[in-house]
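Before anything else, here's the structure in question.
A, B, C and D label the chains in the order they appear, each numbered from 1.
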């Protein structure tokens, strides 16, 4: 898909939870084809502390409406400013960027797992999987009950299992402690979340020889493969997580912790 | 219409805007956004004899109006370049310049010799100013005797246009420009990145795996511009200016300070069309102000 | 409560935050906004033997995350200082340090001798790094032999705490720090401004009357921090770090890189309470992270 | 008057003409005493290109309402951002700064002259003069008819004479060409405007030995007398236009052009 730079229009900016926002954008040129796992580089204007663009995953796409949604968690000045966008404002994106998740083969059992803003790419991935005739299952992990993000849209696609670190809702512990994750058979596991979560999921999957893809959130400058700042060590050397990723099969990653 | 053409040594450029090494890959990565033939040229990624993995992640830190990088010359080496990249580059309708790096003088010489034979590469940029490698790189660019040695050695084997890329991390950059001129370089380009550093006070650790890295972007523009002005007054060979150029106004400052051409670096990360936007803006300025050619504004502040 | 006290030579400071020379006048100008006794100290305006008018207007240009200045040491000279300013300064409940400047070694020596006799001035900051004067200033700070000469000469006549302020416009700032240490200075402070320049493309003229000027503000922070880190590893005397400190996080970076104290400069132009805000922020950080004293974080990145 | 740093609240931002805005601010702490000719240093947030504060004259003060007005002309990114402030937003000011105009003695005849954003300090000065029992006269100069700024408030204080460079309204030429300026007797002339205008006014006043004060708009960094960047050569050496000014008697200025 050809990459482009474009001013999209904010259709809606909905607060999902404390410091989480879903920004719906529409393209006057018509959206390009977008694959689950891909991301955009958003230009943050009006923020003196934000020099570079900010990478954000494609959270959802509505082809009928011609809209693209981003899930933004406030992490600093850039995301803070994005959280304040109002309907009618423009947001300049460079997109679509990166590779995408490998969709499952017919009949496979798939688990999509993540937490926090790592949930962002999982909704669109789940939607695509669902459209391909497979029901996705979701395992979502949170700090505690009050941190749980609304996930009705995930539920409309398939079963959702929850974990919280303090057990205040769902399984106590991490996503890897969720019984459905440990005990059921999965052909594929997809994961996006904080690094420790991804490493734990990868370890479990390697042990059980489950196909597992993770979406990395390495620091990026360009998102285009021209700065070489976002590298991740893999079995084929340092690869750019913005062009060879952000999605990687965990077997290709040289993560310190092994399963 | 204003005449945008400029010359660096025997080489004529369509216009004075070149993409900077390490910030435009091999050009192809930006083709979705712009027509490379609208540019004066591109300087492809820093290249070495042998393949290099570069430095460990994290290699980047955002700073006020700039960024630090510690890429460390990750590239697949000259063999891979010749076989797999060069054939594509040969088809571009713009000057493709290779940024040459090494640990030793022998490395620089051998690599330059190899590039001398590639017909579609009309010039090399000798990088004696990379702050992100342990050996070679900036060591040559901050010691006058070493600088002279490596430039002179490369000059003997390289017969096309030789540009020497200077480090700003020196007391007197003019000295290095003079040495480049004396040793027969057709041009000097400046500045490479300033050596900088950042710490994350929350983790109490440096933000880069290498602790220090190279600072680029608008933050360094005033320093870069001053150095370009100093060098352009001191040498007769054309100067290629860079450092924080984000738009045509920034580029005009460098030209007015005495640069014959400019390079656009970090800007491409934020605006992938930055290079061609700068070309358009310079042309617009010249037409508005009734200059018939870009050469009229080169060093104009020294005449005003 | 964390212990914020630090020592520079024999001198104890209430906390490690000092206002930088040329950016806080004589202190009084900021008293409407803050209680100066909440600061570690203030370094008053660059002072010379004879009165100076400084450079012509325009002396300032805003740049990306920074500014250029070309003030050129405008001040009324030591006689006026002694008679009209010193009596007020003597009443401040904070360390008042005088920034010492000259054209010649004799100037520096004579001025230091005069200041040695002022009881309420416990320290001087020897400025061998001012980029905005034609004679003296940075010339001493970019030539190792001259630096040694002036420091050694001043040391002979000045008996209280001697701080040498270093220029960042050098290849190897560590060399100058070592010289300062060898010649008996109690401390080095760094960095002074980076030599920079700006052009107004509309008028095609330099923005400063002097063409070049000194760059300060967040733009230079990565370079300043790198230099402080390099120097702090190389010398045993305490290092005072500065360059682009706008808030406590920035100051913490300098402390973690190895600075014993910091100076707040340009920030005061935008937030006149910057100095005391930094003090509060450092204290808050220490308490939050359970450090009992600020000395615990000095150079912590080298231990992590 | 003690200087302070304070977040004021935007009560109203009214567009006066193309690229001219009047921003009315209220202080929750109560306004300090403000003299005509004084200025504020406004902090421009959300503008990546604006590092320093922006100096702006006190345009008007309404003690009953407790409001302070600024007249802002868009000149670049800082004033552009200020022009977009909306009611309810905060504007951080360091103020009151600078000296002030010397008020006339009872019975004197005074002319206040200026143009563009130089009109800013003249309204409050006129108001103060009017309150002291003297009717101020105004001579305002503009490029052409379409550039004339609304000046009803000036008219409510005293007679207003206009000049335009092309003669499309009022006297053709500069303020110094206005017959009332040239022909009538004035005890004091106050001027704020572009430098060429101030120099012409100064020259005319010197020739006719009229007391004349101008308000300079030198580039400023701090506004507090601590950076020494805003200097102006005077008969007593370089003085700071932020503390010794911005108002100067023209006889003290060493202007190149003399009358």
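Some notes on this structure:
The rule is simple: a contact is a pair of C-beta atoms (placed from the backbone, for glycine too) under 8 Å apart; a residue touches a chain by one contact, two chains touch by 3 or more.
Worth saying up front: this structure is predicted, and the values here are computed from it rather than measured.
In this assembly, the chain whose C-alpha centre lies farthest from subunit B is D.
If you average the CA atoms of subunit A and of subunit B, the two centres end up 36 Å from each other. Centre-to-centre, using mean CA coordinates, subunit A is 54 Å away from subunit D. Between the Cα centres of subunit A and subunit C there is a gap of 47 Å. In subunit A, the residues touching two or more other chains are 48, 50-51.
For subunit B, the set of residues that touch two or more other chains comprises 63-66, 217-218. Taken pairwise by the contact criterion, the protein chains form one closed cycle in which every chain touches exactly two others. Every pair of chains meeting the touch criterion is listed here: A-B, A-D, B-C, C-D.
Against subunit C, the residues of subunit B that register as touching in their complex are 63-66, 68, 142, 169-171, 194-199, 201, 204-206, 211-212, 215, 217-223, 225-226, 229, 244, 249, 252-253, 256-257, 285, 297, 300-301, 304.
Only residues 2-5, 43, 49-53, 94, 218-233, 237-238, 243 of subunit A touch subunit B when the two sit together in their complex.
Put simply, subunit C touches subunit D in their complex at residues 22-25, 29-30, 32-33, 45, 53-54, 56-67, 69, 71, 74, 217-218, 266, 268-273.
Those residues of subunit D that touch subunit A in the complex are listed here as 45-48, 50-51, 81.
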